[in-house]
């Protein structure tokens, strides 16, 4: 994905965070990385989602971590995005939100238990939760690396959510589904004790979803 | 309903799943069947609801279960739709969602108890919940047949919702009302013990709703 | 208010029930009465709110209870509207919904306790709840008369909400505020024991709201 | 900010209260103050947010508390706005709502505990709650002064929310974030005991947010 196309996609995904109810005011940010040029684009700090245009995104050099041209400052969460791109070589997008149902689990320091087939489909594992870490140095990035499992999503204790994926749209899907799942599991936990899915059942859903779902494979092959 | 009209109706109903808040991203699907031609149309897999056009729906032969022309793959849930059409000869539409309040009941393996007149109106019975079943062979369809009652709706344990009806719009109404009722009963269960309606009271509402409601009968007859 | 204007107002209020989230599909209805002509207009049964036009409303004679011309059948809840207009001579509008937070209180047969100044402003009293009654004869209307207090709103056990007022817009305001208050009190009851407002405090808010609020009195008087 | 611009900003902020879900019908109000002219503008009483135009706002003299020209009466909450402007010399905007999650904490007389980094960012402290006070004389204003902490927001027992800030948009941000935080903490309290952030951790987030966030400082300086 070239940088012009990446700006459009990352702009769209930032706007969808608002439209999907994952953020309020300026409370989240999405970025995308073009590994060929070594440049990422990220939401500028404190700018309204609705007015955001592709050219407003801040371009940042992955190696130096410095903004390249442009008139805006990057999100204050840029260091965490950089850390993830540098340590997870397969990812091309990072999203950070404080979506309320998922963040409620983070406020009590608990993972989201694996009890829904939709969760098995999308994530293939429970959503883990790190202990609280502060915003100094690489503490957030280190906690994510230490506590993540195979799911491309994690809760940060007392804080919120990070998700990642190969493209901005795939990371958006994880961010939206994470909140939808957090909401459903929250409701279930008010009704009683959700029944956990054992790993071999989780695998059945995850494998089906990641091999036969969607339009990705040519129809005639 | 001919196939061209059916495509319009099924497209509309799929889009209404999103607008009614029953699905997120691509997490549900609706189909409709024309029993004269033996063809159903169903949402393609992984396609956005907002961009969906009638011609994008996948036409499938009820007998063979194979897609007939078109450029898209059908929903991965096609086998469950086919199973229901083959075993319930009176139905013309099937909808599958993971709408969150209803799915919360499914996550704890509990039916939605019959405690509201709106539930008596629309469904005439509690909404049952199957045990968890996996996605292999006919397990989902068999569980639906085994555990359903007179209501055209059921919860699948740890999974979500299936509803059906004579037309796509009637199935949509059941899907929307099921989530509205699940929400209301969920709230009631947080406040205390909902009072159950006895069967003879349920019948009063169901019969009124299904004989005197709406505009279906000619006014001058 | 003449009948043409009344049709516009009642149509607007029916549409606002949907836009305000008080109804789903066709699950509520509003009517308005012109006492000069002795005619009321009410939502037709089973018609979508979004497509509703003023001329689609069903005109009904208050004395005979019969529809006067028009192509549509009236709401199946017409008998309860008629009963209230006949027994409450000061009212000019009636609304029936199953708005979910208020209906949750009805499902457990409990009033909404008087614990918010906004509730004192609008209603001046707790919102009472009738026992369950069926849909035969005048049972619903009789229960409303028997259990109502000074508030122009009541919960029907296992069923939903009736509100009334001098005009359709004032009844709409009560319907919207009732659900907003039910929601807030529901949340409060999950957090702990809401502090009740004593009657002399309720009076301070009710009197202020009903004497100094709004633009109803000429500014220069 | 001159008065013409202030009218536009205060009108926008009042409309955003509705669009952000903080108010229903007419249940809140925003004002802004121009300290140069000693005039504030405030929402008129009982007027719909959607139809509100900048010229409809009521201009009020800060010293006399009297409306200056115009055709509308001011919000009945004007005395509380005046009191805050007179006692908090640094503020230029006041907002009052009954947003439901925050008001639920007020209904049980409890502060919103400091357990989220987003709360540390925006407010730097827990959100305190006053005891119930009536609407006579300066009781509301006095309670706010007595119980507030460093956060530009407070809960009024059994009542609702007041927030303030240097400009209407900054007060709006506090009002929106307060409800978002109240919602998230409410959910967390249903899941378990939220982990409190100690003061030295709160300071890390508050200082970062109020020194490095946004676009306020010139990029080349």
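All chains are identified by letter, namely A, B, C and D, in their written order; residue positions are counted from 1 within each chain.
Just so we're on the same page, contacts are C-beta pairs under 8 Å (C-beta built on N, C-alpha and C of every residue); 3 or more make two chains touch, one makes a residue touch a chain.
Computed from a predicted model, the values in this text were never measured in an experiment.
Chemist: Using mean Cα positions as chain centres, tell me which chain lies farthest from subunit D.
Modeler: For subunit D, the chain whose C-alpha mean is farthest off is B.
Chemist: How far, in degrees, do you have to turn subunit A to put its CA atoms on top of subunit B, rounded to the nearest 5?
Modeler: For the C-alpha superposition of subunit A onto subunit B, the angle is 90 degrees.
Chemist: What is the distance in Å between the mean C-alpha positions of subunit A and subunit D?
Modeler: 31
Chemist: Measuring from the mean C-alpha position of subunit A to the mean C-alpha position of subunit C, what distance in angstrom results?
Modeler: Going by mean C-alpha positions, subunit A sits 44 Å from subunit C.
Chemist: Residues of subunit B touching 2+ other chains?
Modeler: 190
Chemist: Which of line, ring, star, complete and other names the graph you get from chains that touch?
Modeler: The chain contacts form a single closed ring, each chain touching exactly two others.
Chemist: Got a list of which chains touch which?
Modeler: Between chains, contact exists in these pairs: A-B, A-D, B-C, C-D.
Chemist: Name, in rising order, each residue of subunit A that touches subunit D in their complex.
Modeler: 24-25, 27, 44-47, 71-73, 76, 98, 100-101, 103-105, 107-110, 132, 134-136, 157-160, 186, 189-190
Chemist: Would you pull the subunit A residues touching subunit B in the complex into a rising list?
Modeler: My answer: residues 20, 115-118, 173, 176-177, 180, 183-185, 187-188, 190-195, 197, 201, 204-205, 208-209, 212-216, 219.
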